[in-house]
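Here chain A shows up in two complexes: once beside chain B, once beside chain C.
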Partner chain A sequence: MERSRGGLGRFAFVGPTLVLLIAFNLFPLLYNVVLSFTNAELVGDGWKWIGGRNYERVFTDARFGAAVRRTAWFVFCAVGLELGIGFATALALQAFTRVRAVLVTALLIPMMLSPAVMGLFWNLILNGNHGITNQTLDALSLPQPQWLTDREWKLFSVILIDVWMWTPFLMLISMAGLAAIPKTLYEAAEVDRASRWTVFRRVTLPLVAPYLGLAVLLRFTDALKQFDLVMATQGPNDTSTQTLSTLLYQVTFRDGKVGLGSAYACVILVLVIALATVFTRYLETIQRRTA
Partner chain B sequence: MSSFLRMIAALLLLGPFAVAAWLAVTAPDGAITSVNIQKALQQGGLLRALATSAAVAAAVALLQVTALAPVAWWLARSPGRMAAGLRIALWAAILLPMEAAFVPLFEITAKLGLYNSLFGVVLPQAAAAFQVFFLESAFRAVPRSLLEAAHLDGLGEAEIFRQIAVPLARPALASAAVLGFLGAYGSFLWPLVVLRDADLHTVPVALAQLTGQFSADLRALAAGALLAVIPSTILYLLAQSSVRAGIGQGAVKG
Partner chain C sequence: MSLLSSVALAAALALPHAEAAPQKGGSLTIWWFQWAPADGLQELGKEFEKETGIAVKVQQIPLASYQDKVFLEFGASKTQFDILIGDSQWIGRGASKGLYVDLTDWLKTVTNLETIHPRAARYLCEYPEGSGKWFAAPAETDAVGIAYRKDWFEDAAEKAAFQKKFGRELTVPKTWDEFKQVAQFFQRPDQKRFGCAMPTSRAYDGLTMGFQNVLWSFGGAWRDEKSFKVKGFLDTPATAQAVEFFRELIALGPKGSGNLDYGEVLEAFSNGSTAILVNYFAFFPGIQAKFGDKVGFAVLPAGKAGRVAALGGQGMSISTRVPKEQQELAKKFIAWFLQKKVQEQWITKPAGFTANTEILRSEEFRKKAPYNGPFVDSIETMRDFWNVPVFNELLAVTQRYLGMAVDGEMPVMEALSKLAEEKEQILREAGLLE
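Coming up: the complex of A and B.
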């Protein structure tokens, strides 16, 4: 079949949508880069070029380094726990085929709802004085940490909520991966009298790995941009939970420094793209190995 | 043993909702009451917000599948350099933190005269880049042979799209619409930035205002939060098979 080379050609009917997509996706991207070299502010118009000074400030800002470390820690803990618990539950549920449909339906509910509202739900549970957690701990005469206000516990609480929301996603993808493994492989392993551990390591794990990898990639890029949960439970300027995204929000909208905020955005974007690329390459090698 | 495990799982996952439900229908002394729900509905303007959110989310979902489908189709069919360029731009847009796009988006929205209007909430969300990729993977699944036959019959690209690709990809389009609806229904920050008048507020925004108002009244807040998630939960339960298909497809095909 002949194909149009490069241009739109026979696909002229695509035009209007293309304009919409470019206006709301490409333009913000490019405009951000432009603004990052200016001293633009939220209030008042008119700005000057100031070269790379915003970037200098980003890299010397103590908040930035702290936010990078905190976000990395958040992503590591949240995605790690989601992968571990999700995959383990999928394995445990393999034996039960009957009730799975109902359970899966229930498990997906948190994921389908607004993260901002989910944060609110957890505020009700973790609230230091009126929350159900501490009332229970009180009844059991156990110590009652201030989950949402104690510096030691705040970040843990946000990780907990994220894990609660997204573990089912990892579980669902793991289940899809497990279901796709041909039964004959297990039968062959049984004939060979392979131990359960060997079967798991040599058959199950390598064949599920591409699924897990993709799910982790999606979660990873999403968790790097964690915003809603932190915003809902702590606000953007809390020193012990400020992630890269909430720092960006603080700088741009609360401090009103649009130019500096744009520089933050560009640095974060480069960081995310670099990490996502490395991860995708890694994923491709896994897939090639199993293919 | 298995039923025990299942109970634990259900309790963990649904626990927060159960706690909120219990708070919402009880008074501090433990008696059953509807006061909290009334408070949330009346003082919070939650009833109007629920209607607004549903309308906004429906508009976003409809626009996403109708307006983005042609581009997705083009990406699935044309291997040209323009398509490759668009793909890279859309990936970058997905990876850009949403908050970073707000200043430019706000300027466009304001230029179009859509500040403090629900259209201003809808339009940028309708141009969601991830939906393009989702729909593209759906169109890639349409059998080649059918398309070639249609081409030989003299159908143009637009007719092939409308008469063959769209009907065949209908389940995926439905998944995209449901996921788009749920996403838009739950979105918080963009509506907060674009809307000024309280009577235009969407549910998450109204709820945030409620949080300030009722910060001491945990029970009214619980009632509000619960009312907020009821419509999306019902939609999800009704459309769960297409939601699950959508999640599976998105994950397997990237």
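Coming up: the complex of A and C.
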């Protein structure tokens, strides 16, 4: 009796969360898997089982391969640049002890704005004709790329906006990592007359690496889902910028093919989980090495 | 609590209740995208309310998300709208998926169908095209035309320079070759002056809608009209020639002219930098208001297969996912709207273009505005893109391969062959092609 009351008591604490998780995470996930084996449409009467035809279609669709490559390139460039610039900015900010707080607050602003709003703002900033970027380049007699319309520049522009928006996040995590390094280690290195490069390579970088790894993991999984900036600047069907998420949107909501869209969603989910698992393992290795 | 704040609170609590209270004669909700004609329709709705006691609310949804919102609504058991003013291409989906009420038997009891322009009936209202099965009534009838800088065309120095360069008078282009010459003549990027601007956007349908005016007039086609066969009809030398020509025209526009949506095309002309605009007539009243007699309007130029204008506009359909009583109210509004006296009011609203043949044929309508004459002449040549239930998939592949051909990413004939192949695959899967 005691045990059962304890069990009930414990369920009272975890139960509501469990119910919510089942209702909003597990059920939609399982339902999505079920739908992926049907010909369900957004509007219409009912659906029927079609076996693995949707998956066959996903893997033979040229758009899917192209979207995977494009998304991978986007993640690599955007997260790479954000890491490099964010960490460099965090290091540089260490020199500004008095105005650091003001600078950090100012630098964090892009991260706090909505990506959809950012996309619309950057549509104006990068407009080929009357955007401030090309007006400035024109005034300086420099070439004016068509940022949002030339297929060579479109994806670069989305990367640029993402970097502008999320570099402060990497900077913030880097600053937290830098602040956690004990001062005594730097003092000891100074006593040993270690060069600044040696201190950076042997002290700073290894100790801040777990923080950077975590930040990259978070950004990596987020960037894999890139949707809002592409939608706001190019729409879901542009061949130069279509990412996995916007392809999924195009298939499910524009074409109305819910069954096929669900198959895309399942494949993308497996892809993201696999990549995130590899990355997490790598992160754990770094942490063990640092410890 | 002070008296003032008590009153304010009471008023605040009472207001939503007052708004939500049912109207005496009932109320109707119409969905349309956000643009000037929707304001005009709302004004007409007030007239309708005065006459019948039925309140009309026209809800305007931003164009970019309109289609997505509409079909998500249809995914539910009840739609928020009673009447939907939907794009012409949606009619196949609406009719065959049981989303639009079949108006065939009812419509002829409330209006003379002969007074609805046959092209508007075919493309905006009937499904399948020309079948006589009506799923919509014409709301806003539209076509693509051109607006040009009359002051530039009439400038003596420009006329002399054009005469010297091309050996003929500078006039409004009657053929696509003349159009290209004029655009070349005004293309002066160093002076921030450009030849022409037309829809080429990749986000939704801009490139396809801009291109098809050239396609048809060059003798190309999207398909065989009867069998829906695409191979051998789309991947032809005539279509390839049209793509090449369209690519040359894009180069005669402002920066980024290879990817302009309807608003950006309008902006390129409205900012005073572009000589000729290719766009829907619905945008022309705004241009007229801004430029006055400095602009002129004309029909699209002709190619070797004649003159063809891409259809614009939308029909008015009743949702099957509202109660019968609401459907009856919706029918009352549509019957009222189609009356000649109401259509005469409708044409006074910004971009309120009608399909009523009695009005279209009248000299009075032609004289009313400088763009009305070209509109009437364009409506006679209107054609439309696919309007079958898989329209979206057909549009998406068209945008993709056409974009690659126009951008030089893929040889034109290869792009057209692949496009034809994928279109037939989509049509076969939808059961529209054997």
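Here is the rule we use: the second predicted complex is superposed on the first by the 274 of 291 C-alpha atoms of A that agree within 3 Å, B and C clash if a C-alpha of one lies under 4 Å from a C-alpha of the other, contacts with A are read in each partner's own complex, and residues count from 1 in each chain.
As a working rule, contacts are C-beta pairs under 8 Å (C-beta built on N, C-alpha and C of every residue); 3 or more make two chains touch, one makes a residue touch a chain.
Because the structure is predicted, anything quoted here is derived from the model rather than measured.
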item: Touching partner for A:Phe279 - first (chain B), second (chain C), both, neither; value: neither
item: First (chain B), second (chain C), both or neither touched by A:Phe200; value: neither
item: Which of chain B and chain C A:Tyr186 touches, first, second, both or neither; value: neither
item: Superposition-derived comparison: chain B or chain C, residues of chain A touched; value: B
item: Partner chain(s) touched by A:His130 [first = chain B, second = chain C, both, neither]; value: both
item: Contacts of A:Thr149 with chain B and chain C, given as first, second, both or neither; value: second
item: Partner chain in contact with A:Val43 - chain B first, chain C second, else both or neither; value: second
item: First (chain B), second (chain C), both or neither touched by A:Trp122; value: first
item: Contacts of A:Thr239 with chain B and chain C, given as first, second, both or neither; value: second
item: Footprint overlap on chain A, where chain B in one structure and chain C in the other make contact; value: 42, 127, 130, 253
item: Of all residues in chain A, those that touch chain C in their complex; value: 41-45, 63, 127-130, 134, 144, 146, 148-151, 234-239, 250, 253-257
item: Chain C residues touching chain A - in the complex, by the definition given at the top; value: 64, 67-68, 71-72, 74-75, 93, 97-99, 201-204, 254-260, 268, 271, 390, 392-393, 396, 399-400, 403-404, 407, 409
item: Complex contact set, residues of chain A against chain B; value: 1, 3-8, 10-11, 13-14, 16-18, 20-29, 31-32, 35, 42, 89, 92, 95-96, 99, 103-110, 112-118, 120-125, 127, 130, 132, 164, 168-169, 172-173, 176, 211, 214-215, 218, 221, 225, 227-228, 231-232, 244-245, 248-249, 252-253, 258, 261-262, 264-265, 268-269, 272-273, 276
item: In the complex, chain B residues that touch chain A; value: 2, 5-6, 9-10, 12-17, 19-20, 23, 67-68, 70-71, 73-74, 77-82, 86, 89-90, 92-105, 107-108, 123-124, 126-127, 129, 132, 147-148, 151, 156-158, 161, 182, 185-189, 203-204, 207-208, 211, 218, 221-222, 225, 228-229, 232-233, 236-237, 240, 243-244, 247-248, 250-252, 254
